[in-house]
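Shared between the two complexes below is chain A, which has chain B as its partner in the first and chain C in the second.
Right, the complex of A and B next:
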């Protein structure tokens, strides 16, 4: 008997595979190889630190996309949970090993989400956005005044242990070679990006994730077929907050110092911009968006001198500060993508894939 | 059939919105295995009965019981868990989800994977996905939806979307299926297709159906009994042929004799 074509799906088990087709598997191998080799090729500390920040941002963006993209709840409070994760790490990171302080941060973030989540039960859309906006300001007040935890306005240093068994991510020794802190952190952060992405991808393709999306599309119809909408709205909020706290924990431990100015509304808006630019309701899009948007502030900061009209120092030449330029760019990106490419970078990526799948035919 | 204890007992249902009385003392029984049709002019209260049956509206008075279990006062999700499924007049599909996912959502209350085991995928979550996918595929086959599996529900052609919604309701493995105008807006050919699917479903599955429909030919062909409503009041009930010739029903539809 002739063997069926290897791409042919013959049972449901095959159909449910995440990386089912040969191109998808090749892509997976390429991504793993890039993850492993990139820090060896790019040894420049500036670029490595940009990629590390991008990775941390990708983790946070996946969390927000679960809430906003998959469950349809707009939250401006993401910065609050990121900040909470960073401070928790500052608090317990020096006493606990990596495999404990990271879950602790997630747990605290999840608990905070569970406390605030019930508000999300009654509100939706713009109303929830306003309530979560308040959260950012409550948070800022808290971070500035709870000196014991946050060090007040002047901030606090974060001294977290980052070793896992024999591997110390501050100084990775591999086959006789010693790698720098930035190289080590790149691996740590991007492995976590992969883990979080996989967990969320699994969530959204199984029963609870489908329920979230049903609530987003039509909450009344969801109730009528047996989905308890309130429970899933809170659940999405809890998981999203926990993931945001993981991002904050990584942020704090990498930066080794955090101050209350970092968890402001602009950070929340940056995350909104990332999930819109990347593509609402896609895990891969969150990562694409983080690469595209998350790298911008660092790049503008670095190359601000070369951009005409940008003021890089207080009282310097130019009509717009680096900070204001960032704000403006986020706003412009949100508007442009919502108008011209509502499905985001992930939508563009899908079109490219579809084009090559049907090539040489145009449809 | 009317000798058996009824599956569904509705007693003295009263539903008011402010000063408007949508349902005024509606009572009826539906026996197991029946296809019970509810007819009436626009605004007679047909869809309101459905909304009371599955808990979207809370009637001010009256009781609803399914197989002896009281439904009135329970939440829509709880009633779904007790085996009441419905389709919507203006389509209630989740438009960004694929047809498969829409049907899998019908099985939500039969599954148990939670957030954490869903994230981990391996083990129970995966076994459950596979088992329920098989069940969903048998419905896809029954309703001949194979070409549309991966299509987002929002992009399905109208007739197919109506059928997909029937599929999602069937995926719930209900004991009572509420069909709200399954052939509204369909042409003759599509209507006959839907009638064929409904007949096939009834033949294969042990279901009780309540049908709200304006298409009188479909009602007269399929229904075992008919209930006619006007302004929230029952004006006739009985076998289709009898209700069709009831003077009060004719008057409600065509207006009083001049």
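Right, the complex of A and C next:
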């Protein structure tokens, strides 16, 4: 008897499986292996730190994508929640172990989201964009003036414990070999990326996840079939804020020092650029976007001298500063991708995959 | 009492700037359903163009203002034509994102052309003042309030009596019915963007002519006009003006009494007052002071 093709989906359960086909499973194994081995191959501290920041950004971007890509709400306030996560870590990180301060940061972020969300989300339309825009400014004021928590303008050091049982991520010992802080953090961050990605991927397959997508596609129709649009929008905002706080907590603990200048509008815009470039409504796309866009500021900072016209020091040669160049690139990426490739890098990837799936008979 | 009136006057001047920008928001929101985040970029662009016309080309200030508004209107309409026209039929969500992108392109572009330095715009107002019974009025502030009032009146006359204004109102009310009546939606959208950009440019030049001068961060003033739009009601031009004045007064009064009343809230708390006021309004009257309540049944 002829076997059905391996890509043929025959029932609903099979359709829902995350890693259903053999190539997908092979890809998963390859990805895990690559992430586990990468820090041993790449030992340069600069590249490791770029990859760590990319991982932290990926966590935050997955959170924003849940809200923007799956629920269709625009938030400019991601920077606020990331900052909140970092300060919570600075506050409790030295007293609590890793498995407690990380959830604490998530909890505080989620609570803040639950307080702020209802203002904007019980209304139809894009009020959230404007309210969260205000949130960034209110937050910046708060961070500059709440000296006890944030150290005011001069910033505060974040001293968080990063050990889990016998493993200290500052100094990982594995089979007699000792790995550096950057290598340890790489593993920590990317394991968390995997956890958050799985969490969100699973969330969007459940009833609440489907409800979010229904609200995004047509809120009125969603309400007709019994989805409480306001409640689900607020729920998505809460989860997204919690994930953003986790990203902030990681950011703070890795950088060991945070100042209020970091949580500005540009950071939020960077996250928006990431989810748009990566692909709205795909978890995989957020990670792709984080790799391409999240690494840009660090790369420009490092290789700014080589780019013509870029001014790397105050009063130096060139017509555009590093900061302004980042800003312009984010803006251009947002516009170009929305106009020419609204499905983002994930869409391009899917197209390539579809092409080779039916190769040589694709047309 | 003098201090209070003085603060109120400062608030009124600031509020009229907000009102101009917020009016631009409302024009675009009403006709296209899009929240235009790029308004701040257009404001800065208009201000810098005004600076170039006035200082480098040595045109008279009135001509410079007109040219700056015209040039900004062209940029606004051009942007609508080149980018947003492709997005017709897409959800407002994507278009809002594009305007955010545009804002973040315009700002570095401006610093790349004009640099980071603070410029002084050559203008007849400068820091001249008029004193009336103990109160000091800045000439620039008086002009700003006067120009805003004139523009707002002209705007309402245009909307009420001209055929293009009628076309815009119809398109805002029901785009399909408007199309069926032979109204060109393309023209209406382009004109909305041109009007919004011109209003922003006017606000920008008026700001830049003040004692603060012209710096790249001038576009931030437009972000504070978002609360004005919400306070007044997102779909109400009159609300935008009212909201602008309310926000301006609140901000100026907070700044005026910072030391006496608000020192506990930290330095420069006046900067975030517009946003706090917006949150209060969203709590008690979510559709704004003059906005229409969104009625729908499921």
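Quick notes on this one:
Here is the rule we use: the second predicted complex is superposed on the first by the 342 of 363 C-alpha atoms of A that agree within 3 Å, B and C clash if a C-alpha of one lies under 4 Å from a C-alpha of the other, contacts with A are read in each partner's own complex, and residues count from 1 in each chain.
The criterion applied here is as follows: a contact is a pair of C-beta atoms (placed from the backbone, for glycine too) under 8 Å apart; a residue touches a chain by one contact, two chains touch by 3 or more.
Quick caveat: nothing in here was measured; it's all calculated off a predicted structure.
Contact with chain C, but none with chain B, is seen for A:328 once the two complexes are overlaid on the shared chain. Once the two complexes are overlaid on the shared chain, A:223 sits against chain B and chain C alike.
Of the two partner chains placed by superposition, only chain B is touched by A:208; chain C is not. In the superposition on chain A, A:134 contacts chain C only, with no contact to chain B. Look at A:199: by the touch rule set out above, it reaches chain B but stays clear of chain C. With both structures placed on the common chain, the touch criterion links A:339 to chain C but leaves chain B unconnected. Of the two partner chains placed by superposition, only chain B is touched by A:12; chain C is not. Residue contacts after overlaying the shared chain place A:235 against chain B, while chain C stays out of touching range. In the superposition on chain A, the residues of chain A contacted by chain B and by chain C overlap at 220, 223-224.
Across the interface of their complex, chain A is touched by residues 54, 56, 75-77, 80-81, 85-86, 88, 92-97, 101, 104-106, 108-109, 111-115, 118-121, 125-126, 128-130, 133-134, 137, 168-169, 172 of chain B. The touching residues of chain C, when paired with chain A in their complex, are 35, 37, 83, 86-87, 90-94, 96-98, 100-109, 111-112, 116, 223, 226-227, 229-230, 234, 265-269, 271-272, 274-276, 278-279, 282-283, 286-287, 294, 296, 298. By the touch rule above, chain A contacts chain C in their complex via residues 72, 74, 76, 119-120, 122-127, 129-131, 133-135, 137-138, 141, 144-145, 220, 223-224, 266, 269, 272-273, 276, 319-321, 324-325, 327-328, 330-335, 338-339, 342. For chain A in complex with chain B, the touching residues are 12-13, 15-16, 199-200, 202-203, 205-211, 213-214, 216-218, 220-229, 235, 239, 281.
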